[in-house]
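Some notes on the structure that comes next.
So that you can tell them apart, the chains are marked A, B, C, D, E, F, G, H, I, J, K and L in the order they are listed, and the count of residues begins at 1 in each.
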Amino acid sequence: MAQITGPLSDDAGKIVGEALQGALVDLIDLSLVAKQAHWNVVGPHFRPLHLQLDELVDIAREHADTVAERAVALGVNPDGRAASVASASKLAQPDRAWIEDGKVVALFTDLLEGVIARMRERIAATGEPDPVTQDLLIAVAQDVEKQHWMFQAQR
Amino acid sequence: MAQITGPLSDDAGKIVGEALQGALVDLIDLSLVAKQAHWNVVGPHFRPLHLQLDELVDIAREHADTVAERAVALGVNPDGRAASVASASKLAQPDRAWIEDGKVVALFTDLLEGVIARMRERIAATGEPDPVTQDLLIAVAQDVEKQHWMFQAQR
Amino acid sequence: MAQITGPLSDDAGKIVGEALQGALVDLIDLSLVAKQAHWNVVGPHFRPLHLQLDELVDIAREHADTVAERAVALGVNPDGRAASVASASKLAQPDRAWIEDGKVVALFTDLLEGVIARMRERIAATGEPDPVTQDLLIAVAQDVEKQHWMFQAQR
Amino acid sequence: MAQITGPLSDDAGKIVGEALQGALVDLIDLSLVAKQAHWNVVGPHFRPLHLQLDELVDIAREHADTVAERAVALGVNPDGRAASVASASKLAQPDRAWIEDGKVVALFTDLLEGVIARMRERIAATGEPDPVTQDLLIAVAQDVEKQHWMFQAQR
Amino acid sequence: MAQITGPLSDDAGKIVGEALQGALVDLIDLSLVAKQAHWNVVGPHFRPLHLQLDELVDIAREHADTVAERAVALGVNPDGRAASVASASKLAQPDRAWIEDGKVVALFTDLLEGVIARMRERIAATGEPDPVTQDLLIAVAQDVEKQHWMFQAQR
Amino acid sequence: MAQITGPLSDDAGKIVGEALQGALVDLIDLSLVAKQAHWNVVGPHFRPLHLQLDELVDIAREHADTVAERAVALGVNPDGRAASVASASKLAQPDRAWIEDGKVVALFTDLLEGVIARMRERIAATGEPDPVTQDLLIAVAQDVEKQHWMFQAQR
Amino acid sequence: MAQITGPLSDDAGKIVGEALQGALVDLIDLSLVAKQAHWNVVGPHFRPLHLQLDELVDIAREHADTVAERAVALGVNPDGRAASVASASKLAQPDRAWIEDGKVVALFTDLLEGVIARMRERIAATGEPDPVTQDLLIAVAQDVEKQHWMFQAQR
Amino acid sequence: MAQITGPLSDDAGKIVGEALQGALVDLIDLSLVAKQAHWNVVGPHFRPLHLQLDELVDIAREHADTVAERAVALGVNPDGRAASVASASKLAQPDRAWIEDGKVVALFTDLLEGVIARMRERIAATGEPDPVTQDLLIAVAQDVEKQHWMFQAQR
Amino acid sequence: MAQITGPLSDDAGKIVGEALQGALVDLIDLSLVAKQAHWNVVGPHFRPLHLQLDELVDIAREHADTVAERAVALGVNPDGRAASVASASKLAQPDRAWIEDGKVVALFTDLLEGVIARMRERIAATGEPDPVTQDLLIAVAQDVEKQHWMFQAQR
Amino acid sequence: MAQITGPLSDDAGKIVGEALQGALVDLIDLSLVAKQAHWNVVGPHFRPLHLQLDELVDIAREHADTVAERAVALGVNPDGRAASVASASKLAQPDRAWIEDGKVVALFTDLLEGVIARMRERIAATGEPDPVTQDLLIAVAQDVEKQHWMFQAQR
Amino acid sequence: MAQITGPLSDDAGKIVGEALQGALVDLIDLSLVAKQAHWNVVGPHFRPLHLQLDELVDIAREHADTVAERAVALGVNPDGRAASVASASKLAQPDRAWIEDGKVVALFTDLLEGVIARMRERIAATGEPDPVTQDLLIAVAQDVEKQHWMFQAQR
Amino acid sequence: MAQITGPLSDDAGKIVGEALQGALVDLIDLSLVAKQAHWNVVGPHFRPLHLQLDELVDIAREHADTVAERAVALGVNPDGRAASVASASKLAQPDRAWIEDGKVVALFTDLLEGVIARMRERIAATGEPDPVTQDLLIAVAQDVEKQHWMFQAQR
């Protein structure tokens, strides 16, 4: 069976592979939680939030795919299965219930702050072993930090 | 806080809500497993499978959104969180490893057979309490059964 | 002069024709009232409501055309003239005045509830005499019930 | 509650507001009658007329929206409700029946002649109090007069 | 060699397979006869008919593909070969000659009436064994019945 | 009744008309057989073949229309009816059954070889009597010969 | 000043230059006469003719540009000035008046017959000295002969 | 035969009709002269001028169509035949020869100056009898004066 | 060096040139202030305002370009440099700080009122010397007054 | 009132905030000066420069928006007001007059050289405190340096 | 291993194969040289040449692909490798240096003249053995000769 | 003659210029070899490989253009001539013959491994002298490494 090999040494590959797997979990779970809120949000600000959350889903899905394919290109198997995401994710989870618009804003402001902190650690960790991966995580951070501002701005 | 109410009686709402939640879990997990295979497939048939799995992801995501929004329109909170999907899903999960192309075909032929069987039960269950939901699940079944054929055909 | 004839018996045609004409009146008036609110809404939520009401207008116009053309295909003359709509419509009418955003939400939550109830009666009535018409009314109900949720959600 | 105010004096606003409301009624009813004929026309020229009437509907709807939003921008509430249109409209109404193609041509040649005459009065009335509104009604007249030629041409 | 299997029992599969094969023959032949008329029509109404017949071809081709792929998804081999269509089709065939526009209208009014009758029988037959197929045939009927009106309307 | 006349002499018209009718039969039957295989193909190469066959269908349909309209422009009635195609076609017909991917490749390699040979005879025959028709058949040959290569290449 | 030179000998260039200039005059005048009729046509078939004439204008304009640019590429100055077209054109000219639809059809059937005859002479004349020009005129002839059929067909 | 009548009195119609016919001649000849230069221009600035002249052709053609259709809508027959344009046009005509880029700029700077002067007379003349026509000629002037600047700017 | 000259007399040119320069300053500064608010707005209505302000930027930029190019076409140098805009603008400037959503609405309601008043003076001033410029400023006023309503409506 | 906070420490935030504000001033003024030249350029190379300057405007506007939104995401208020730009900008300003094409090329070659030097300082300054901002400024530099080449190349 | 066979005799195949391989070398090298000049051109006409050269690249690449695929369809292996192109090409090569705009024009006028001469020989050679290939080379010649004019015109 | 100068010191410019020229050679030759294989590949996996190779061509061409234009922006002449590419390229060259699908996969897996290694050296070399160039080469590496995975995956 084909084995995918990448250009990194084993040590570099290990560090970078962990950073990418961590980013993948963050991004998949972000897409799931944002969809959950997209459906269950209520309140006078329903419509703008409903639309903004779908933008966030699109951003998270697109970056998740890039991140996972980067892992594969380095010979690392990405793991985006529901159970893996559920057990590894550090994102706070909303209840299965209606969520008021103000609480959605607060929830995502917090969630994104955590994602940002972890992405910045990954950027720091990958710069030396693989600048290509670092560049890709910088692009993730730029989008996530922009979303973070937008949720903060509407508190 | 706003309460969403739909046109169904409590009994009808309960049956239909369960059918929709079941369909949602099937469809979200289908999208996650298909992405997992999209990334990890290897073998001479890599490229056509890689592309077909992304079509399957698109179909699953689009129907998942319609199904969840239908639940909301009936006043039922859909639950698409990673942990809920992980614990409720009946789809077989691939290992975190490279998956040979032939095994991908076999895996999805089986997975989709299970999804089809459950969708048909939901179609039967919802026809009387809510023909609108039934119609929507029929559309899901049509697409899933077409995918099932296409995976079978390439065994 | 050409006479359009359809595939239904006289009895079936009469039941289905009435269902379609009723749906047509509901949908045309929905498009007119939604435009009225689109223009006259005021309040801090002006912009999202202004945009959402235009989406509702588009949905109502498109379904109205399909419903009327279905009537013609069955040999029944649809009636979408202003006077016919004005006298037959059961939709509450707003005053000629500015309408506060919260009142728009309440008005359309109510209006749509009535439309939904009548559509469901028509779905029940047409299933036996003409499943084609029923299928079309189910599609109307799906969209209208989704809009109903969205107005409810922003109360 | 927000009050919309525009740049015109009270006198100017009154004249212009009446012109715009009159134009709105003409245009909404034109869209409704054109749809009515679009559905009920029969005869060997069915298809070109069926298509042309839908073009007329599009023109009427687009101008109606511009006209109504112009009224709002001047602080005047537009009134596009079915009953208001039905009672104020001066357009001849077809019966609820099949309409032969030749009669459709004759009906719209006449209808549009009336609309044109009223639009030209409104253009004359608004030039002094509000050239912005006049410019907008000139654009309506240009399109309506072009349609008038096209219906005449096929008699 | 791969065998495609579907979710239906043998009895259900047989009924549904026959309905789909019948629909396929109707739709392929409809596309061929409509092309034949598209090319050979003459008379003052040439252009609108020439264009309308190509719309009919598009509708017939698209539904034919859906119907055949539905059969495959159920494990039934669709048969769209020229000889099979020629021998099984019940559509009246025009001569190889110019066809006057009025005769084209009459021919297709009749042809479509037959197709509609057969589609309605198939809708009735498939509802119980396979609601997915029924739903698909209902969509065919809606389009075909709309075309039937449009040909009738221009007699 | 209108008679279409073209610029060719009777003799030239006869030769060219036969060439065009022959090409029309080849192209319509090619589209039907390619659809048949598009639906019934099985095997590990299912997906690329399924897609390529649909490209072939598109090419065949587009050229068939051009060829038939060329015949009409020369005053010759094209004949694309199912029975005419079935009796005149020289294309080998697959059974009504699943077709293995390798056999599809072999079948179309052979089918296209025959079509090419006949097209080249028509190109030779029409150059003198009608270079316009010849040019059109050259375009058909270019596309068909390209398809022939592509099927050969995957043996 | 730049002199454009092409690949042809003087003799060949002269023959081909005359063919192209003749085609240019035919095509520009065809576009002007078709626009004239597009504006002045009346009668029950107004709309389809009005649209068809604009298609003819588009075809004539596009080929005129290609023909003129081909002349330039051969070092020949094309002449598309109004006076040159007016004096050299052999197309019958309609009066400045309304033109009944039937007369439009007759006029263009005749006009196009003349254009076709002249194009075929040019095709014959250019094959030996410049096959590139011939190929381009063959494309003109194909489109013009198709239009000729379509006008004939609606007599 | 149909007679097109417009909303203007005879006197107003005569003034406006002459203005529109004059504008039509200017615009058609502008399109022909610009094409002539588009083909025959030479010099180091060939490419930008070649492209700009085609923009001018597009502008002239589009306005010519609007102007002519406005005349028709007023019941006046527009005359865009080559001989009418050739005899009535006041535009200087280039020789049938290569034209140096600098001379193209000078020629069009002059040509457009004349067109502008005549359009402004027509704007002045039509304001009172028909503001709709005036508005349309103002739009012509705006585009033509912009082109005039652009040719001047590259002297 | 090229001098651009336009069709106006010196006196007319001076009046019109000042009107256009004034409009240019208003529109460029409107685009800058709207971007400033687009970035710095905060509050629960963040998202709809953020989007609406970008629409306003687009409108202001597009009209600024048309206004400046109109000035050039009249031989007047437009001045859109930062210092010129900063010194000539009459628009109130927000501080460099976060701006609450309600204050954004109030700020733009006021700003636009001033722009409208100045545009109307320019419309009055330019009608006699240059109706082309007036028409263009009327289009600006229509868009600006519509934006004014929309900001008012959400107070 | 909402306070936007970003992931950087105070020291890092200050350095990065200044770099972003400096870039914003450069980019907004670049867009204003480029528009100024887009309108006032004259000379034989008018058209290519007129178009190229608009490309430069688009590039400057797009990067300005990204840069400003990055500042906001870090909790820093961007300042793009006319007076701030006018006083902080280091770009040489053209006079309010026609500008010859050669001088435009020289002016922008110089202007861009200055922008490049400042951008490179900002890239150096931000790499350590915020690689996300650095990455974004690198993208600005790439586009600006490409424009610099293109202006140099046409001297 | 698959052997691709085409419809030509050995002799015909040899002649046509050589013509196609020659054309392929010309077209690939044309694309490489045009890119080389696209990057290295300098001078006041930089921008129009830079853009035109990219158009030439697109034309050369597209024809190269068609030519190579035609060779394959005839069973001949096309050779587009760098060394093959470098050794077989007859195109003059520019130095690795800046190239003044006037020299670019002269270079490509010459280069294209050579390509044209060789293409015309190939057209002459292929007409008898394979009219399909000839037709394809005629299309190449038309585009190349048009480009030749355009470079000549700007000397 | 214009000399392009960039922002780098001579030493930095030399290092970066060599990196860019090396990357250009790799990318142009990659595009040529991929086209060669696109045409000459045979075997059961023909179609997916044929398509994938064209994607690789597009990627290589697009990056080649960016890389070359980056060199120019730094004042370095890129060299993309056939002979330069042929002599400098380190890519293994296939024979002029049919290439089996499996060998294509192996060939490109190897080729891309070499390209990746060289790109990574260039990324390391350019980070200090020019982070803008480094960023651009990182983007090249990301795409090339993704392609490398995809070829490996189908072994």
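Just so we're on the same page, a residue touches a chain if its C-beta (ideal position, glycine included) is under 8 Å from a C-beta of that chain, and two chains touch if they have at least 3 such contacts.
Here the structure is a predicted model, which means the values were calculated and not measured.
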**Prompt:** What is the shortest path, in steps, from chain D to chain F when you may only step between chains that touch?
**Reply:** 2
**Asked** If you match contact pairs by residue number, which of G-H, A-I or D-I shares over half of them with E-G?
**Response** A-I
**Asked** A-I versus D-I: which has more C-beta pairs touching?
**Response** D-I
**Prompt:** Considering chain B as a copy of chain J, what rotation angle in degrees (nearest 5) results from a C-alpha superposition of the former onto the latter?
**Reply:** 120
**Message:** Can you work out the whole-Å distance between the CA centroids of chain A and chain G?
**Reply:** 62
**Prompt:** In whole angstrom, how far does the Cα centroid of chain H sit from the Cα centroid of chain L?
**Reply:** 52
**Prompt:** So, what's the distance in Å between the C-alpha centres of chain F and chain E?
**Reply:** 23
**Request:** Please compute the C-alpha centroid of chain F, do the same for chain K, then give the distance between them in whole Å.
**Result:** 31
**Request:** List, in ascending order, every residue of chain D touching at least 2 other chains.
**Result:** 2-4, 42-43, 45, 48, 69, 72, 135, 152-155
**In contact (per the touch rule at the top): chain pairs** = A-B, A-C, A-I, A-J, A-L, B-C, B-E, B-F, B-L, C-D, C-E, C-I, D-E, D-G, D-H, D-I, E-F, E-G, F-G, F-K, F-L, G-H, G-K, H-I, H-J, H-K, I-J, J-K, J-L, K-L
**chain H to chain D touching residues, read off their complex** = 2-7, 69-70, 72-74, 131-132, 135-136
**Item:** Residues of chain A that touch chain B when the two form their complex
**Value:** 1-4, 28-29, 32-33, 35-36, 39-40, 42-43, 46, 65, 68-69, 71-72, 77-87, 89, 93-94, 96-98, 100
**Message:** Can you tell me which positions in chain F touch chain L when the two form their complex?
**Reply:** 45, 48-49, 51-52, 102, 105, 150, 152-155
**Prompt:** Which chain L residues qualify as touching chain F in the complex?
**Reply:** 41-48, 50
**Fill in**
Per the touch rule above, chain H residues touching chain I in the complex are 113, 116-117, 120, 123, 127, 134-135, 138-139, 141-142, 145-146, 148-149, 152-155
